[in-house]
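Here's a structure for you.
Just so it is clear, A, B, C and D label the chains in written order, and each chain counts residues from 1 on its own.
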C-alpha cells in the first residue's frame, strides 16, 4: 500500500511471540496482529525494540515481517525495523523487509562504533538512497548512545531523506522542535512525527505530533486508539484521564526485580505476560539472555491488568 | 589446530581491506595476513573492531574468516569475532566462524539492549554451552556501554565458560585484578589475559598478562613482536623504548579532523592508509558511513611511518 | 511570608547581573527583580543554575539573596538555591539564605562524590531536618549526574521532607509520575511540582503541574505569565501558540559558537545579552570561566528579541 | 618550603579524621600526619577526594590545612586541594589554603556546569594567574565528568600554568602520553606527573612517572614508600610483589554492601576503619550523607589488614 503522508495515529511496535524453545510463534503472532487491528490501530511497526528485534536472528526477523505483511494484506501500513550497527548491515535488513512488502523502514543512528554527527547524516542519506521504501529515523539514545538533534532530523526531512521520526528519546523539548519545524517548514510537509513514549501521548499530540508508537499498545490497543481520538477531538480532559489510566497500567514494566534482571527483561516480560493473560499469545517467554519473570511477578502483571479493566 | 592454553604473544586484530566499491579485497587480505605472519605474530584475530566487523555484512564476514583460516592453514591460531547485539544473533556468527575453522570466538557483552550483570553472565554461559570453539570475552565498554568486572570474568573462567579475555577497556586496575586472579586461582589455569591497548603492552606484560591484541600491530607487527620478546626476556628498559616508539607511531590515529569525522574513521582510516603506503594492501577505503581521510591527512600518516622507520 | 502550599505559577530563576569586573551588580539585580515582579510572576528563585550559582562565591551568593529578599519585602515568595556537593556544605548555604529570609531552599542530589540512592535519600532527610525553611528538590541530572526517581520524590514528599520539586531533567514520563502521585496520594497534598523546562510549560501544566521555573522567564516574564493564565483557563490552543512563540525565542540559547564555548556560556550569555538589550541590566558579562558571546552573536540575540516583539 | 620540581615520590591524600559528631578530630589528624611522615612519605596532599574534601565545610577545610601545615612545619611539601565547581569558587579556596602555607594547590576541571575544553583551559589559566602557589591539575573524570586530555595538560605545562598532574582517571594510555611529553618537551621540564591509581604505581613509575598519590597510602604508607624505592632501584620483580600485596589490601574498598551504600562510603569507610584498627585515629565516622560500614564489614577490613601483616 502507499504510506499515508504523514503517517498518523497509533502504530504499535508489535511484540514477537516466541515458543518455549524460542522460535517465532507464528499463530500467536497472527493473533496478536488481529488483536491490534481489531483494536483500531492505524499501522503496525514490526522488528522494533519492543519486538525484541535486537534478539532476533535474521531468520526470525524475516519470518516475522513475512508473516505480518502477508496477514495484514494491505489493510494498514506495516513499518519494519532494520536495526543494526552500521550502513551496510542495515541495508541488508532493508533489503529483505522491503522484499517482504514493508511499507517503510525504521532505522537508528549507527551504534557500537563511534558516531560523529557527520557520519550519522551520511548513514541516513546512504540508506535512503538505496532503500526502495521510505525511511523513518528512530531516535533511541538509550540504545544507540547518540541523540538525533532536531536540526539534523529537519534537514534530512527537508532533503527528502526521511519520511518520519519515531522519537523514543524522552526529550520533550527536542521532540517539540521537530514537530514545530515539520509544521512550519514548507519542504518538510508530509513528514510524520511519532512519539515512542507511552506516558506522554496526549501531550505529544497536543504539541502537534502525528501519532504514537506505544509498546504498551500491544496490551491495550483500544486504550491508545481511544486516547488518540479524544486528542483529535480536542477533548483534553478526557484524553488526560485516558492517558493517566494507561500510565497506571504502564507501571507493569517495573514488576521485575532489579536485583535479578534489567529493564528490558522486566518490561518486555510484562508485556508478553499480559498478552498471555489476556489470551492473545500462547507463551510469554522472552529471548535470551533476558531473565524470565517469576510467577509472583507475573501475578502482579495480572493485577495491573485487572486494575485497568483488562481482565 | 588446538589453541594453546593460555594463548600468548602478539595477536593482531586483522584489518579488513576493501575494494573501492567496498567489497572485501581478498588478495590484499591475504597479503596482509602474510605480512603479519612474516612479522612473527603468534595468532590472528579476525572480525574484531579494528577489522571493521561492525561494518561488515554477514557475507563479508564469512568471506573474511574463510579466506584467513584457509590461507593460514593451521600455522597459527585464528580467533574470530562474533560481534552482535544479543545471544541468538551472536550464536549465528559463532556457527559460521567455527564452521570455517576458527580456533576460538571472541564475544562482547550484549549491547543496544539493556544489560544487567545477570544477563551478561547468562549471555556468556549460553554462548559457551553452544559454541564448538573456546570463547574469549571482549571487554569494550566504549562500544557496548557496560564493563566486564574482574570478578565476573574470573568466575566465568573458573567455571570453564571463558578461555580468555581481550581487554580493551583501558582500565588498568581491573585488568590487573584479572591477571592476578588468573595466576593465583587454581581453577583458572590456562586462562589467557590479553590487552587490547596499544599503548601499554609493556606494562601489561610486566603485570603478568599473556599477550596483546594491538590494532597498530597491523602496521608494525615486527615492532610488537620485538616488544613482546623484550618483555619476556625481562629487558624492561629496551621494552620501554620500543613501546614508546610505538606510542609515537600510534599518534597517527588522530590525523583525521575531529570536526569532519569520528575517532573510528580517523583511526581505521590511518591504519589502512599506512598499510597502503607500506605496500601491503591496494586501497585504503573504509566501510560506510565512515568518512575518508583527506590527502593531507594521509600525507601525515606517511610522516608517522617515516618517523618510525617504516617507509 | 508563608509559602503557599502548593507553590504555583511562574517562578523564574533570577539571573545574577555582574559588573564588568564580575562583582554582583546590585542596581541591575534590583531592576531585574522589578522587571519580573512587574511581569506578574508568582515567585522568584535566586541562586539556581540560571543564576550562575555554581559560579558565585559565598560572598556573592549572600549579597544576592540579601538584596532580593530585602527588595521583594514579602510581596511574593523567594526560593533560594543551596547548591553544593554534599550535605554539610549544602547546610552552610541553607543557613545564610534562610537567615536572609528566603521562604524555601532548593537542593540537588549530592554531586562530585559517588551517589547511591540511599545516600540521596539520606541527604534530603538530613537537610530537611536541619533547615528552618521548606526544602524543594532540584532534579538536574545533566549537572549532578544522577536522576531523582519519581518514587523517591513521592516518598520524601509523603514523609514531609520535601515541599516541592523543580524538575529540569527533561524526563516527561518521570515528571508525570510525580504529578500524578502528588494528586492522588493523600499524604502528599500541598506538594508543589514545577517544571524547569522552558519548552514544555503548557504540556506540564496540562498534566497537572503547579507551575514553571523558566530561565527564559528572565527575558520575557509576561510571556510565561500569559502562558500560565491561558493554561489555567483551559485555553489550550492559545497556550500552545504562546508556548511556541516562547520556543522560538528560546532558540537564542544556541547563538554561541559550539567550537568556542559550552552550552552554559551560550545560554546564560544570551539571556544576559537579551536583558541588556531590553534595558533591564547594565552589563551582560558572565562569570568565569565562561566564554563571552561575540558582537555578532549578541546581534543575533537581538534578532530573536525583535522576532518575539520584545525590542 | 620550595616545592621540588618535579615533586616526586609518595604523596598520600590525607584522610580527614572526624569526631562522632562530625567535627574535624585534630589530635587524630596530627597522629595520622605523624604516621605518614614516619612511614617515609615524600609529601602530603590534604583536602583531596580521599580527604572527603567534597564533604567538608570551608571551616573544616581551613582547620585541616592550618593544622597540617603548622604541624608539618616545612619537613615535607604540603599540597592542598581547592575543590569547587568553578573558577571564582576555586579561587576562594586557593586563597585560604595558600595563606595557611600550602606549597601547591590541586584543582580539577569545572564541574556541575557545562564544561567546554576552551572553558577548562581558561579555568586553569585564570587560577594559575591568581594563585600565589603552583597549581597541579587533578584529572578525575568520575567526579567532574570531563577528561583532561594529554595535549591540554602538556600545553598548560609548557605555558607555565601547571606544575604537575595528579591523574586519577584510570586511563593508562593518556597518562603515558603526559609522562612521555613531560620528558621530551624542553618547555615542560620540572613538571610532576603523579598517578592517583593505587593499583598501578609500579607500572606508572616504570613508564617514567614521578610518583603516586595513593589513598591506600593512609593505611600502609611504608608499603608505598617501599614500592617507590624498589621501582627507583629498578627491582621490578620486587616492585611487582609489593604492588600485588597492596592490590590485595586495596580490596578492602569493596567491603561495603553495594545494596546499602555507594563506593565512596565503602572505600573511605574502609580506610578510616583500617586507620582506627591500626590505632592511628580515634573514630572511623565518615561525613554525611555517607552510610557507615556495619560491624561485620569493619571486621572484614580487619581481616584485610591481618592478611597484609598490618595488625
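By definition in this document, a residue touches a chain if its C-beta (ideal position, glycine included) is under 8 Å from a C-beta of that chain, and two chains touch if they have at least 3 such contacts.
Predicted, not measured: the structure shown is a model, and the values here were computed from it.
Undergrad: Is the contact between subunit A and subunit C built from the same residue numbers on each copy (over half shared) or from different ones (under half shared)?
TA: Same residues, largely: of all residue numbers at this interface, over half are found in both copies.
Undergrad: Counting only C-alpha atoms to place each centre, which chain is farthest from subunit C?
TA: It is B whose centre lies farthest from that of subunit C.
Undergrad: Report the inter-chain centroid distance for subunit B and subunit C in whole angstrom, where each centroid is the mean of the CA atoms.
TA: The separation of the two C-alpha centroids amounts to 49 Å.
Undergrad: Could you state the distance in Å from the CA-based centre of subunit B to that of subunit D?
TA: Each chain reduced to its C-alpha mean, subunit B and subunit D end up 35 Å apart.
Undergrad: Find every residue in subunit D that makes contact with two or more other chains and list them.
TA: none
Undergrad: Have a look at which chains touch which and call the overall pattern line, ring, star, complete or other.
TA: ring
Undergrad: All pairs of touching chains, please: list them by chain label.
TA: A-B, A-C, B-D, C-D
Undergrad: What residues on subunit A touch subunit C, complex-wise?
TA: Those residues of subunit A that touch subunit C are 170-173, 176-177, 180, 197-200, 202-203, 206-208, 234, 236, 240, 244, 247-248.
Undergrad: For a test of understanding, state which residues of subunit C touch subunit D in their complex under the given definition.
TA: 22, 54-58, 60, 83, 85-89, 91-92, 110-116, 118-120, 122-123, 126, 143-145, 258, 260-265, 287-291
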